[in-house]
Every structure is written in structure tokens, then in C-alpha cells.
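If you scroll down you'll find the structure; I have some questions about it.
The letters A, B, C, D, E and F name the chains in turn, as written, and every chain counts its residues from 1.
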């Protein structure tokens, strides 16, 4: 009925979208959800989207995966976050088996 | 001040929006939040929104409800997920009483 | 590698965006993520965005912060939620240090 | 009622596309014009209405008649919300009564421009300064609404946060765009006016038509909210415009406005705002329920005016020999 | 093959911008036309195609020739999906076969209008009622698709939820907008038609060009999906339109359609729907994979028709002396 | 300074609407043009500027004068970023200096087209191939920026990922659309050009005006970022364009460009890119802070050029008897 999973949330500069999708595919992550036109503020300053291009916007990615898939993913993710900024949060949830 | 609640997150094909809202109303769920134009990948393949209609997009629904409201809701939800795909995650949170 | 943080989620009428951002800055919150054009239903009725202005839309704000930053923030937040409605959920997560 | 004008108005593409929008929703079709396309149309219409108003104002000129019209407009924009407030208080709380009163004291630029299109079709002349009257009538009702709330709501609110209220009333997006474009129209040279014509005159009627398709969709969707609010509000949404129009026509007769100007003045008094006032009310009177005042202005009063109202008021003006 | 028409068709700005869109994706450029801009263009095109069809229909008139053409159109819109279904069943499951068959039984309004533009350039006359034939051929294929699924899918599904299926087929957004605009075009007065002209005729070719740039981007992105589906589907996407066109041209000859109408009838049969049918199939046949039928209609059949098909069918019509 | 041209330029609707946008933000109005509407305008403008350039290029012809102009353009597009880089390094780190230098080495198509509008108003002739010069000057500065970073940033980065950098510079969305439309304009027949005119010429000035309202809003919002960056960058944003324009005018005199071409060449050198370069810099030089180079190009240099720069450079050209 239910299985425990890990919820990984990533918010990063929208320019990183393709690179991030490639990284997910390399880490055999077959399921993820992406939100575009995400605004926010962080170490790299305010991203209020107020621009002609999506230069000043982020993307939000939600990944539900098994515990053992977390480690390889965040190892690949860390260099991107260090170079381009962004955040990664990991929390617990139950996955409804259907 | 605070009360424990359950956070239900649903990501499903955007075509299911009306059906899902009806289901929430049937389960006496009076509060929910909906995000449109959600992209992603899952068992049903890539939904990159790249199309003239919103055929290839998802919706994200967040529901904060009491523990006892979860069971009836997911029982109604399961047949939709089985037929149309999508995911449902359940996690814990505290609701700020105001 | 990881540090425990609190995840604060706020959904409120989009008209409150500026007031909310000011409030975050007053509470020394330097990092937050904002989603616009958020729909939903609550005590104040249905917000389906179906209008010429964004009168009938919400915003979703995600804040990852340390445990000690939560209290001052929600004290400032409560009067806004009481007057203008909206919800605030607090959950636990791990922050990937990079 | 001269069925001719009524029919010719209803058979206009803009009004027909309004019906198409309503029909699509009633037939549960998934026809939808997603945000921000409606915003694109309303920004374009406000910009062009303002600019063309400014251009005509420059050609026109200024005399006492213009001044009297402006004074009448401002008085109406203050009187209508006050009277409406007391009527609405019979059934509604202070907050909703004030918000709806403010909406009906303000104006709808698209209703105004649907009337100018009809006047052009029937080649009835009207003056450019009526657009300035439109701009003048946008904001006073918002201030009136907020003042009424402070007077009658429980006293624990100290005073009125005047800077914010005035900014909300006079500096909200629609007013700034309308007034700004009007001033730019005043300053524009003949050559500039000419090179803008395909944009301001050419595609105007088409964009108005596309916009009314969207208004039909929005109005029909709002109707569901109204069924819950009950007959009183729907009644107010139908009667207030007619009463306001009749009073406006009487004033027009007294001041000696021409037939065209009288119709526009009536339409300004009879129309309710569904863009500027809702945006302002949400900040200054958050306790009011937006789906109430938006639905009344958009799903009851707007359709009433563009389908029946405009030809009816013209008929009345001719009857009274204005 | 008379290279002249082929080249003049391919050198038309709309087709050239389609190539530009494809090239941008193949060169991995980040050129993108974000939602809902594509929706704005397709809503505009449907509105204008319908309205102009209605206007021409009013000028035209109704006679048996028109009736026969309508009957032929409806028969084609039912026959094509049934035949296509059995061919597709050779390699595909019931759901995907039915969804693709429905797409190919339906039509693409933009392919139709690219053909009318070519006819205008070559000043070949055609009748207004062909737009009505376009509208008639939008929906039957959707019903055929759903019926085929119920007949051949495992029997555990009780009957067909007819109200929902019919609403999906005949009341989806594109059909309501096309048919609604057509009716409004019929009712519009000369004056209204004239004042709408800069919007419906003036900028039409330019918006069509902008839209085909976007179609090029979308088609090229869908191509990746197709490479995974394998040669059978790409083969079907190329052959089915040609076969359907030839059959349509033969029928046109039998009924005695003019050269212009024959080309439009061929294009209707040869084109596949990538807006109305996908929207309907998702609700009535959710088991089918949208990226399959959308990619075939948008990335194979649409480009085939506008680049090679249209001039080819015209050539064939002249050969057979229709 | 001949106040006449300065005033007539500032009283142009596009520039007036730019001021309206700035005023709306300074007055804290909630006037907003939500995404992706600005993207719609900039895609339209790039498509039409390119297409019209291609059409004029076809009418024109190719001779040594054209070739020399192109060579001068490319040299300027490489020299400007290099010189700017060393000046900026006085106060800035390598990454931000390179990104800003690249922006100032590149061009702004909208500034260019505001200048062509002024030339048309003053009926001063200019050549179609200047649009090709615009296209040529879009990308070299991006490559120069990246090379400067690799040379001066700490050495731990091995070489330059040339495929990605070149794709970013020469295949980003704006360049592909501009160059693509230019090529299509070259290929378009007279008939096609004519049927596109209401779209490419008719509504062009109106859409440009609507776009500058949005630029005013964006520029004023970026101003806040600039106040934090300090006087050096604002100074650079004001002086660099003037210096670049003067140098360009001297080169134009040496090569013997006509008055119109000289103004356009000066405007190309004086304008900074706020679409193509920021998009490229984010990938190739992510360490640079976009709000710096976007704000300078959009909130300082763009307003300077369209309000004061263009008429000033024209004045200078006349003084030097180019």
C-alpha cells in the first residue's frame, strides 16, 4: 500500500535545466517533476524574473526516490550547486503504491 | 499554536484536473492548492509541455489535512492513479493555527 | 555534508507578495523561493485565476531556515494570515551543504 | 424600443463573440484563453483608448462645456458609490457593500469603447474629451469606498493610511496606463499618429472582438459564483446600471451635452469596474470577497450594458430629445 | 512534377520559417516560443479561418453541390479512421491504433489555410463552404476512434459514456471556436466585415508565418520521440496522407468539384489533427500514448503536407483534369 | 546641440511610453506586463527587423563599400569588448568585467530600429545591409568575453569548451531568429513581401511603442540594483556608449559611409546587448552576476541611447560633415 521514499527538492538557476536533466538520467532517476518560472532570493541575489529573457528565474525539481538512490545523485549534484548555486533539500515521505 | 497535519502531494496529467477537484470535494476536502503547467517524467514518458495544447503537461496538488481524512481520500484517488498514472506522496507537517 | 533545517511553506493571496517579502527581510531571512499564479481553495473560497487581473490567484513561498529562525518569522506572519487568510506549514528536512 | 439599433448592436461581432464565450462555458467546452493573454488584450485596449482619447482631445479644445462635463463626471463618481453603499447595506456587511459600491462608482473602459464603436457605426459625433472624463471617473469611487469602510466598520482601525489608499486609487496599473497614454496622445505629432494608425485603429476592432470572446468565457464562469449569492445582488447588478444611466441622461440634458456625449456619460455612470477597482479593493478592503464584486461587474453589469444597455440608453436620449 | 509550384510553395515565408524552426532545434539553439504564445496564435488562426469561412459562405449560397461535398466530407471523416485503424492494428495495440486513426481521420486547419494561401497566390478560385467541410470533418473521427476502442478493447468496460464522448468530440475548444466564428461570419454585416479586415486579412499572413516558426520548433522537438517509435509509424505518417489525398481527388473528380475545392478536399483528407483530437483522446482513450499520435501528426504529416503535399496534390488534380 | 532633433526624438511615442514605464515604477504603481508578453514583443521585433533587412539587402546589392562596412563592424565587435575589459578590470573581478565587456561589444536591435525610425521621420536614407552589420556584431563579443575569462581567470580551468561557447555565441535564440529572418527576407518574392506588409510594416511602430513601455518598466526596476553597484558602473554605462559612438563616427567618416549608415554604425557600437549576451554569459561565465550586466545594458545604456544618444550622434555626424 505505502512505501517509504526520500523527497529531494532542488531549486537552481533555470539555465541549469538541461544539465540537471542529464544528471538525473545518468543517475538512473526515471521519475521527476519540474516547475519553471520560479522566483526567489539566495546567495546569488534576487531573481524576480523581471527581464526579457529567463535570465533571472529558477527551476524547482521534485524527485521521489528510494533511499539508496539518494547518495549517488547528490554526489553528482554537489559540483553543480557549488559552481552555479542553488539549494537541495531532502525529506521523508510515503509513496502511495498504485 | 500548531497542530500536526498530513501533507498530500499529487502530480498527475493535467487532463485529470476536473476529475481530481470533484474527488476532493466528494471527500469533504475544503482546502487545497493547485499548480498548473507542471512538467516532468514518469512511467508515461516525458511531459515537456512542448505542444500546442496542454496535452503534455501535469498539475501538482498540495493538500494539508487531518490524519483521519487521508484514508478516504487515497482510496478514491487510487483508481485514477492506476488508470491515468501520476504519483501521490504523503508526509508530515505542522499547521500554524491562526 | 547535511544539516537539519525547517521547511516553511506559505500559501497566501498574491496581493500579499510585497508585504510578505518585506516581512522575510525584516526577519533576516536571506533565502526563499516564490511560485506565482498558484490556484486553490480555502476558507476564502475558490481562487481559480479566472480573471483579468491576478485578483483570484495565490503565491506559494518555500523557506528553508534554521530551527531558531522559525519562531520570530511565524510571530510576524500570524497577523497577515489572520487578516488576509492563507496557510503556513512547517516540516523537517536535511539541507545539502555544498 | 427601436428594435433596429438593439439588433444591430447585438449582431456586432464583439457582442456575438461574447455570446460564443458564454455558450462555450454553458456547453462545458474546454475552450480557454489562458493567462496572460487576457492581460495582453486589456493592456492593449487601455493603451489605445487612452492614446486615441489624447489625440482627439488635442484636436478638440477646451471650453466651459468641457469643464462642466468633467465636474459632472467627478460628482457622479462620488455620488454613485455613496448611494449604492446605503442600498447595499440593506443586505450586506460594510466591507462587501463598500467594495461593490466602489466598483459601480467606477467605470469599464471596454463598455465605453463598445459605445463609441456603435456611435461610429451610426455616425453620431462625440467629443474626444469624454475619454478624459472616463479617466477622471476611474479612481474617486475607490477613495469613497475606503472612506465608507473606515466610517462604518468597527472603530478599532485608527485612521486611514492615506498614502497607500491614494496610491491604490490613482496609481493602479489601469489608471496609470490610461492617463499616461492620454497624455502621450496629446503630445503626439501628426506623423507619429499616422504611423501608429494600423496599430491603434486598424486591428483595434479585431482585438476588441477577441477580448469579448474572453469576457464571455470569464462572465459565464463567474455566473456560478452569483447563483450562490442570491437574487439581491443580481437584482442590484441589473437595476443600478439602469438607474444610474437614467440619472446621467437627465444630467446630460440639463448640462446640454450632445447626443453622443450623453450616451458616453450614461455608459460611464452605468458601467462597473472589473479591473482597476478589484485590484485596489484587495489591498485596502481585504475583508471584502472579490468573487462577489468581480462577478457582479463582469457577469451581470458588463453583459447587460453591451447587449441591452447601450442601445437602450441611446433610445432614451432620443426620446428625451437631448 | 512541375517544379515551379513546388518551389514557389517552399519559398513561401510561412514554409521558410517552418524550416527555420526545425533548423534552430537541430542546431541545438535555445530559440523558444514559450506557452501560451503558441495558444494565442492557434486561437487567432481558428477564429479568423472560421469567421472568413462564414463570410464567404454567406456570399456563396447553398445548392446540391454543396450538400454532396458535405456528405463526402463526413463519409471520409468516418472511413479514414476505420481503414487506418485496421492498418495500424498490424503493429499497434488497440488504444494507440484508435487514437492515431482518429487523428488521421480528423483535419488540420493550418494545413487547410496554407493551401488556401497557395490557391490565392496562383489565383485559383475555391468556395467558402469548404471551411464548413473543414468544421464537419473535425469531430466524427474522434467518435469513430472511441467506438473502435470499445469494440476491440477487452470487454470489461460496460458501454460508452456517450455524453462525455460526444462533448469531447463536438464541443472541444477548437471545434467550438471554429464553428462559432463560422456562424458569426455568416451573421456579420458588410460594415462589420470591413472594420475587421485589418485584423482578419491584414495581419493574417504574418501571424501564420510566426505560427509556422513555432510549428517548426515543435515538430523538430517531437522528431526525437519518433526515432524511438520505429519506421512503421513514420511510414504510416508519410504514406497515409498520400493515399488519402489520392482517394479524395478521385472522389472530387466523381462529384465534379472545381480545381480549388478538390485541392482543399484532398488536403482535409490528407491532414491529421494535432490540437482537437489529442485533447479529446486524452480523456476518452487515456491508455493511448499522446507523444505517439501528436508526434506523427505534427512532426511527420504536417511538414509532409505543407512542404511537398499541397503542390503535389494540385499537380495530380491537374493531371487527372479535375 | 540642435534642440529640434533632440526634442522631436524625445516626443516620439516609443520614447514617451518608455518614460511612462519608468514613471509607473517610480510612482510604485502595480502596472506590470507579465511574462511571456515581453518575449512575444522581442521575438516579433527580431523577426521583423531581420526580414525587412533581408528584403532591403535584396533590393540593395553588394559592393566593396558593403564589405568594408562589414569588416569595420566585426573589428568593432571585437575591439570594444577587449578595451572595455581592461577599463572594467580597474574596479571589477575578471568574470564581471568580461561579461559587461561582452554586453557592450554586442548590440541592441531595438536601439538600432529606434534609430531607423528617426532616420525615416527625417527622411535620411540608409542602406539595408546595415541590418546584416547588426547581425554580424551580435556574437563576436561573446566569444571575446569567454576568451578573456579563460586568459585571465585562475588557470585551473583547462582549455575552452569551444563547441559550447561557439554555439552559445552564434546559435543563441536571438541570433538564429535575426539571421534566419534576414535570409528569408532575401528569398521572399515581391508578392510574399506585399502580403506580409501589414504585419511587418503596419503594426511595427505600434508594437515597438508597446515594447518600450515594457522596457521602461524593466529599466526602472533594474535601477535599484544599480544604486547598490556604485558610481563606477553607472559612469561606465554612460561614458562607454558616447566614446564608442565617437570612435564609430570617426571610422564612418574614414570609410565614407553616408549620414544614415554612419548613425546606424554609431548606434551599433554605442548600444549594449540585454538579450543575446546575458543568455550566453549565464552558461559560459556563470560566475558573473547577471543583475550587473543586465542592469547596465537595460537601465543605463539603453535609455541613454534612445533618449539622448541617437539625436546627439546624428548632430555629431552633421558637425563632422560625414
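Here is the rule we go by: contacts are C-beta pairs under 8 Å (C-beta built on N, C-alpha and C of every residue); 3 or more make two chains touch, one makes a residue touch a chain.
Every value quoted in this text rests on a predicted model; they were computed, and no experiment measured them.
Student: Could you tell me the least number of steps, going only between chains that touch, from subunit B to subunit D?
Tutor: 2
Student: How far is the middle of subunit C from the middle of subunit D, if each middle is the mean of its Cα atoms, in Å?
Tutor: Result: the chain centres lie 35 Å from each other.
Student: Using the average of all C-alpha atoms in each chain as its centre, how far is it in Å between subunit C and subunit F?
Tutor: The answer is 39 Å.
Student: Going by the contact rule already set, what residues in subunit A reach two or more other chains?
Tutor: Within subunit A, the residues that touch at least two other chains are 35, 37, 91.
Student: Two-or-more-chain contact residues of subunit D, please, as numbers and ranges.
Tutor: 35-36, 39-40, 198, 202-203, 279
Student: Run through the chains and report each pair that touches.
Tutor: The set of touching chain pairs is A-B, A-C, A-F, B-C, B-E, C-D, D-E, D-F, E-F.
Student: Please name which positions on subunit A make contact with subunit C in the complex.
Tutor: Per the stated touch rule, the residues are 9, 11, 35, 37-43, 58, 60, 74, 77-78, 81-82, 87-91.
Student: Per the contact definition, I'd like the list of subunit F residues that touch subunit A in the complex.
Tutor: Touch list, subunit F to subunit A: 35, 38-39, 42, 218, 221-222, 274-275, 278-279, 282-283, 286, 289-291, 294, 298.
Student: Under the definition above, what is the set of subunit A residues touching subunit B in their complex?
Tutor: By the definition above, subunit A touches subunit B via 2, 5, 7, 30-36, 62, 64, 91-96, 98.
Student: Please output the residues of subunit D touching subunit F within their complex, sorted ascending.
Tutor: Touch list, subunit D to subunit F: 35-36, 39-40, 43-44, 47, 51, 167, 171-173, 176-177, 180-181, 184, 187-189, 191-192, 195-196, 198-200, 202-203, 279.
Student: Please give the residue numbers of subunit E that touch subunit F in the complex, ascending.
Tutor: Listed in rising order, the residues of subunit E that touch subunit F are 8, 11-13, 16-17, 20, 23-24, 27-37, 40, 121, 198, 202-203, 205-207, 209-210, 213.
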